[in-house]
């Protein structure tokens, strides 16, 4: 890979400060960068790191100067840097060969789009459809009547069970299971009888799902992951959950059945949400919180059980001082008894 | 699929109110149902939904009337509805072909029962036994000397490691690992030396296990999942845990080594249980609780650390008012000081 | 298997008390042992169990006597017992045949060491290297340019994605994913744009990783699991986390991006750690704790948010008595009002 700074600036709509003819030979973070590397600075807080960096060129925010350094000024340095990396990665040899590996088992009435890449030991069941340009890694399982859109990336050991619908530009990491049965039983005479789960799962466009995630199919109808939502590793999504667009669902979150999550919601790591709730647009749930009541749009909550963020901070601070407060109460008790005793003596 | 209401009523031991000759063409929830569909109403709370539903026939509790609607009255509407669905699903083409897929690798001395269905790229190791009617989906791994009972359902990418014993009518969802080594080490001079895990896992009849669950083999002897117990996704069961019959273990629960769980216990989502405890029959542990002491039969607990449910509710309510209480303490302190000052002046 | 007690004592550097010519025919825990078995006693607390045990020989600590029992005295009974088991297991038929299974797909320019065992349907991609004596079970995936050291054990359905580096004597249990993309996005106009994750993962020597674990590759540079560290099932390690040597990371722990964990750290089950923190050497985090601030070497913390262990115990005790304290406050309030009223009357 060889690009001049001017080439890069053109790619990311940036302004060069310095010699535009310098060529870069690699990309790295500020700390790891060596001579010849391109790096970036997204946050003024890391300016000292940028000054010490060995990077030859640094992408910086529009208004920033770094005296003595070659810089390219842009609106969003981190995003611009990603664009450069993606541009350079295009030249890398692909990790999966175009076409269908001879050991992949493709049902006769499955439909494969143009330019798909299907790895060894992949199974594509009858009536499944795989869109143009989608790549499916080794050992993945594409069930009966599953639809996967275009430009998808399905990693190793993924299971998409029957009838699951996956949109365009979706990335699903290794070991993830989409469409397992919802956890539903009727208890009759102390025995739990299985409730058939005959719905499905819909994953909209531009979703990314981490590794070893589980997303259950609906009892009827569908479990939905909305457009642009990003799900981290080991997350559990129960049956009939509807997640809106552009949410961030961080690692090890669990969402119970039939809960509705709005758009642009953030659920931090290890959060648990009870079933049949509504989480409003733009709500933020802090890490490890347990949500047992619906949350209004824009609210920020924390704790198990969850409270508004400010209350939770205040009450947590109090909890850490409980020992002090208990001592105060005990001293007050003593003093009040003394006052009462004196009072009794005086009267 | 076509069935008259009378056929359905016979199947589920129900009483028809209305024209028994009407035919249904599908099954759905009250909300999603369209004309021709069968639906059900389990809870009087949803009666308004039933009245608005487009379903042609609704299964209802014995005593209920829905004026203007065709109904079938039964003891357990939700269970009855499941029975109808299961009856209709029988006519669906199977998702896995009967017989053994030519790419499945079956050891010479493995034993397969009658009417098994074994999918592509399944591996069945020496001395393994698969019972009559059991279905094993693509890429599953059945280890050495594993026994799987009759009518089982083993989904894609499941691993049953050597010597694991699985009863009849057991369902294991995709990606689940049964029989991984227990987490056991002896620390010698600051280094953790592995303790061999030479026990196994026993899964009794009628158990269902969700996706991406992990159940570790015992150090000696066996880890046990009791008859009829239902385990949700991403649950962790450590070595030598013994779980009783008909328990519900909800998603992302973790149970540490050698803990004994009684019968009919409910562990809600994300609960964690310390090792070497005993959880009595019928105990209920609320979501996200952390259990560090044994629990008596029938007790309900909540919190981390867990307390009896009522105490936990009371104390949680107090926690959410701590700010108020602290203000009260501070005001009392001021008043007591004033009283003391006046008292000093007066004497 | 047949060994005399004298043979065993020689193997584990122990002293026989009793007849050294007795032969053992099996190994088991004190409870499960039958005549002919070897067992062990690590903790004086279990002495009554040892006295009732049917084991023919018991490995005990150096200073201990068990009148009427054949014993072998050693420094570390549990470790010594493991050594005997490992010695005996050597004679067991292997669970995976030596050599390369004909269905394994080994890239032409991959390099396999001596005495490897590679199971059915394993995929080893171009430029991967597998060290001498390493065993790779069915359906595992070894990505492009992955290095696995000597004497490794890679179980079924494991994914090692491209460029991951694994040291010697490493055990990785079934379903675990190493090298999935880190969870990194830049949000531009409300849309989360993927940040390329071009770093890798390094797993040092003597590490063991449980089942269905996820370890993300670094954005740049590398995520590291230090030498001798043992990771339990369903753990999540985010991108750029650096874990030191000889740590214990118990089941369902989640560690957020770029956090540094020292050496000999213990994170108990279901702990969550925020990103960009430093956890000092020898720190211990109790189960279910949520760590949002860095922790100094040797500290023990508990709670969500985590506090020093002693404070957490004290404050938890207070929380469980909040009802009592609130009653005290309310009584004090009443008494102070009475005192004020009397005071007002008197003046």
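By written order: A, B and C. Residues from 1 in each chain.
Following the convention adopted for this analysis, contacts are C-beta pairs under 8 Å (C-beta built on N, C-alpha and C of every residue); 3 or more make two chains touch, one makes a residue touch a chain.
Remember, predicted model here, so these are calculated numbers, not experimental data.
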Turn needed to bring subunit A onto subunit B - CA fit, degrees, nearest 5: 120
Interface composition of copies subunit B and subunit C: same or different, split at half: different
Distance from subunit C to subunit B - Cα centre to Cα centre, in angstrom: 26
Shared interface positions of subunit C, touching two or more other chains: 121, 139, 157, 175, 212, 234, 252, 270, 304, 319, 325, 329, 332, 336, 339
Subunit C - residues contacting subunit B, complex: 27-29, 31-32, 76, 78-79, 82, 85-86, 89, 95, 103, 119-121, 137-139, 155-157, 171, 173-175, 206, 208, 210-212, 228, 230, 232-234, 246, 248, 250-252, 264, 269-270, 287-288, 304, 316, 319-320, 322-323, 325-326, 329, 332-333, 336, 339-340, 343, 347
Parts of subunit B lying in touch with subunit C, wherever the complex brings them together: 105, 121, 123, 125, 139, 141, 143-144, 157, 159, 161-162, 175, 177, 180-181, 183, 185-186, 188, 190-196, 198, 212-214, 216, 219-221, 234, 236, 238, 252, 254, 256, 270, 272, 274, 290, 292, 304-305, 307, 311, 314-315, 318-319, 325, 328-329, 332, 335-336, 339, 342
